[in-house]
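Okay, structure first, notes after.
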Amino acid sequence: MVADQDRQELTERFHIERLWVYYGNTPALRDITVGIPADAITALIGPSGCGKSTFIKVLNRMNDLVPGARITGTVRLDGEDVYGPGVDPVALRRRVGMVFQRPNPFPMSIYQNVAYGPRVHGQRDERKLRQIVERSLRQAALWDEVKDKLHRPAMDLSGGQQQRLCIARALAVEPEVLLMDEPASALDPVSTAKIEELCQSLKADYTIVIVTHNMQQAARISDRTIFFLAGEVIETGPTSSFFSTPKDRRTEDYITGRFG
Amino acid sequence: MILSRRACALCALGAAALGAAVAGVNVVRGALFALAPGVGGMLAASLAVVILSLAAVAPPALGVARERAWSEPGPVEAWLLLVSATPALIVGMTALVWFVERAGLGFSLVSGALGLALMNLPFAALGALQAVRQDERSAGTGALALGVPEARVFRDIVLPASAGALARVALRAAARAFGETAVLMFTAGVEPASASPRGLMGGSATLAVRLWYLTSQGQGTGAQARACALWLTVIGVALALAGRPREAPVTERGR
Amino acid sequence: MRPWSALVVLVTGALVATLVHEALPALVPRALPELWGMAFSPPDRFGALGPLTGSVAVAALALALAGPVGVGAGIYLGSLAQGTWARLLSGAIDTLTGVPAVVVGFLATSFLLPVLRVVAPAGGGYGLLPAAVALGVMVVPTVEGFAADAMRAVPADLVAGSLALGATLEASVLGVGVAHARRGLSQAVLLGTGRALGEGMAVEMLVGNAPHPPALLAPSQTLTSVLVQQFGLAQPRSLWAHALAVLGILVLALAAGVSALGARRA
Amino acid sequence: MAWRWLLAAAVLGGLAPWLLRSVPVRIRVAGSTAFLPLVLRMVAAYRREHPGVEIDVTGGGSGFALAQLQRGVVDVGVSDLPRAAPRLVTRPWARTPVLMVVARRLGVTAIRRSAIRSLRGSSRPVWPGTRRPVIFVERPYGSGTQALVERWAGPLNPRLRPVILGANGLVAQVVAATAGATGFLDASDLRADLVPLRLDGVTPTLANVAAGRYPLVLTARILTRARPGGEVRRLVRALTSTRAVAAAGRPLGYLPP
């Protein structure tokens, strides 16, 4: 038992302890203690309003931008307190990339969308930038579709392509973690399948946290699942056992569709 | 039912008729006098103060927009909303004390432009804020998530994304300034520009102030007054129409 | 607060402070002769009540004229309107937005005053009535805009619910929709009133500016008309100038107060 | 970052008036609208002789000129007000007759001072010989014309409700349009549908003003702050030259003091 826990500590990328998040005086997350393993896909599931989106935004401090939000407890990334004094949220977000529910390409060309991040972070060499753009677009499985129109506006792409562009954009700054907030919920089934495939191929190099509404999706792609309900973590475990033998009654109710 | 649909439409058409009358009468009666002597100089003076005032109001308005783009509306917005109801006349009185008298700028186009900028300040700041917050696809948030500093995101992503909305705010501010009388009366003077241009430090009548002055001198029937009215209407309406906010198309319900 | 926001708040705050500072010497008790008199007539009579009544009366009258038109157009454009007529109407109202106040005043002096001069020769046609008509024309777009916004904010489900009961579209919008937007519609009228209270130039051209109790068709005063005429004439730091600043505070308080009442969200 | 910009703007703003003012010499003249035609004519002549000097001329009225002189916004003022202005230097400048006018169709052409006084003092004034009520069109406080008229013709009965108009041009417009109305204005605002009344049997002409026969004469003064600087002093000296006023004024209806 002790040995098992130790092994888990070693491979944990994020460790969250006694985390409370309040909006005004209303707690949105209550006393969360959970770990997120490195080089694996962790799925966050739960009904709407259960706090999973809040949770993911805590990880890269996007929550700082939500007015009236206040947190207590600790969030550690590789052992370092994310909310500690002297931590620059801007630098943190470079390490922890994020993809949003609705694709939100910048009002620029496809090429510039991907090159923007590295350029802001100091990459001036155009040849290197071109390499980064190509590599990121290949990683996001978009290269073949856009290589002939790199300088067309990103807004001309289809929704699914735009979302993969946003993933490429996030990958271009070489993050260690990739947060995805329901990345496929606004997409058609074909695009969704492509995004899922993409997650699988990225798993080897990145820690991926994905919020999803879709339990089949969670079961298909994730290694671990965390179930949120009303701001609390109800159950967490390897995806395989999570869906086959849930320990908590509420988890079972949720995954069998009895509520939510 | 107190109001029938027809009554609504009739009320609305009444408003439309008023609008058409205002515009139409001016165009027809003013057309012949559009080039009355002195009008060219005043048109130039009007445009100059408007452009100068926009240049003066843009940095603070965009500055506020940048600083508050990602914050929830708070006391700053509440205050701006409150003071945006300040009547132009009150702004003019203050501008007379501040710019004309204390700063020693005298009755001049510079004073006029500063007065107009002061008048438009809350309006422009609120408008710019609304414009940048309208970034619907939240591309700005996407850039923040890449670890780009806020100031950079604002410059590179939010500004281009909201350029259209910002331009419309600027056009509306220009329309307000172009037709403004109370502020300019106290800051830029009422006499028509002379044949020799007197520069930005000289006082000069703008179209709106001149029209008020002529009317209140009992010379409202003259060619110059009509020409002023014509230019004011044509340019004012053009600016207002060009700057009208894009709203969602009227939703078609039921039927 | 961050620098630009601080600057903007400071400058706008200083504007109010300047006005109060100018008025201060007149605000000590008994500094102004006849502060509550009906006539503001320098050099010795600084009655604020007359201009104040004039301002309130002219704004109320203007809204009595423009309110129904503006609200009606707002309801129509915000919910019922479809197709060409709606586009024409909203274009016309947007056009009206762009017509400067001074042009409205000019047109009223050219076309309305001569007619009223025949009706009431003793007053030269001047009075609250022509001023209110001009103001009414000016505030129609304001009222229409906010009224239409209020109607657009009515949840579509609400109207649909009424339609589902077999009510006609008109009945649904006017019954259920207007009931829901009632607060927003009254706010539209308040915002229009705020604008009417602060408008000076057109009123000054039409109201007659005589220090008498307000009348529909005889020269009267409003706060703004007194300020337009006299602010440039009063010697700085004279009792007259301080008294004018007091009128300025009244205008600001009225206009901003009524607008704030209108802008307050539920 | 923004602080730096603000600092720069503040410094620039502080320096701006000085920077901008140090460009060419600029003299600001404002004053009585009744005398504006004469001011404009004389300033135009002065500009031709002194091309390096910028002169802005604004009407605005005597009260406006006094107030703005005291604010330091205007350098030279033209006032036809009798009231003294503290700390300002006054020089007599020009005169012009004030006309009492009625609409031509009213049929009145002359009136005596005593008759005007009794009309103005009455609570229900009626034109002699008709039953038409008199409608008084007055000017506001701060108008030199109004001050002169009140001194000569007496105050209005407080129960009357006169029309008060801000400018002589408006007075002309309203009196012409209203039967029974009467008002006072200067010669430059006279129009064909108005009749200037003979007062105490004297026709308002420049000759009668010069001879001292016409009773209603408005006198304008040139005002400056104490000890004006070189360019302003030179302009004032040119403006107040009696010969120049006579030459420029006669065709426009003005006389030297």
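For reference, chains read A, B, C and D in written order, and residue numbers begin at 1 within each chain.
Criterion: a contact is a pair of C-beta atoms (placed from the backbone, for glycine too) under 8 Å apart; a residue touches a chain by one contact, two chains touch by 3 or more.
Predicted, not measured: the structure shown is a model, and the values here were computed from it.
**Q** Is the number of contacting C-beta pairs greater for B-C or for C-D?
**A** When C-D is set beside B-C, the one with more contacts is B-C.
**Q** Mind having a look at which chain is the central one, using mean CA positions?
**A** B
**Q** Rounded to the nearest whole Å, what is the centre-to-centre distance of chain B and chain C, using the mean of the C-alpha atoms as each centre?
**A** Result: the chain centres lie 18 Å from each other.
**Q** Quick one: chain A and chain D, Cα centre-to-centre, how many Å?
**A** Here the centre of chain D sits 78 Å away from the centre of chain A.
**Q** Hey, how far is the Cα centre of chain C from the one of chain D, in Å?
**A** Centre separation, chain C to chain D: 33 Å.
**Q** How many Å are there between the centre of chain A and the centre of chain B, using C-alpha atoms for each centre?
**A** Between these chains, centre-to-centre, one finds 45 Å.
**Q** Where in chain D do residues touch two or more of the other chains?
**A** 2, 60, 71, 165-166, 174
**Q** Identify all positions of chain B at which a residue touches two or more other chains, and write them in rising order.
**A** Those would be 59, 63, 67, 101, 216.
**Q** Please set out, as single numbers or ranges, the residues of chain A touching at least two other chains.
**A** Counting only residues that touch two or more other chains, chain A contributes none.
**Q** Which pairs of chains touch one another in this structure?
**A** A-B, B-C, B-D, C-D
**Q** Tell me, which parts of chain A touch chain B in their complex?
**A** 60, 62, 65, 67-68, 90-95, 97-98, 100, 102-108, 116-117, 120-121, 166, 169-170, 173
**Q** Can you list the residues on chain D that touch chain C in the complex?
**A** 2-3, 6, 60-61, 63-64, 66-68, 70-71, 85, 133, 135, 137, 140-142, 161-166, 174, 177-181
**Q** Give the list of chain B residues in touch with chain D in this complex.
**A** Those in contact with chain D are residues 59, 63, 67, 100-101, 103-107, 110, 151, 189-191, 198-203, 216-219.
**Q** Given the complex with chain B, which residues does chain D contribute to the contact?
**A** Interface residues on chain D, with respect to chain B: 1-2, 5, 9, 16-17, 20-21, 23, 26, 28, 33, 54, 56-60, 71-73, 165-174, 189.
**Q** What residues on chain B touch chain C, complex-wise?
**A** 1-5, 7-16, 18-20, 22-23, 25-26, 59-61, 63-64, 66-68, 76, 79-83, 85-94, 96-98, 101, 118, 121-122, 125, 175, 178-182, 185-186, 208-209, 211-212, 215-216, 220-221, 225, 229, 232-233, 236-241, 244, 247-248, 250-255
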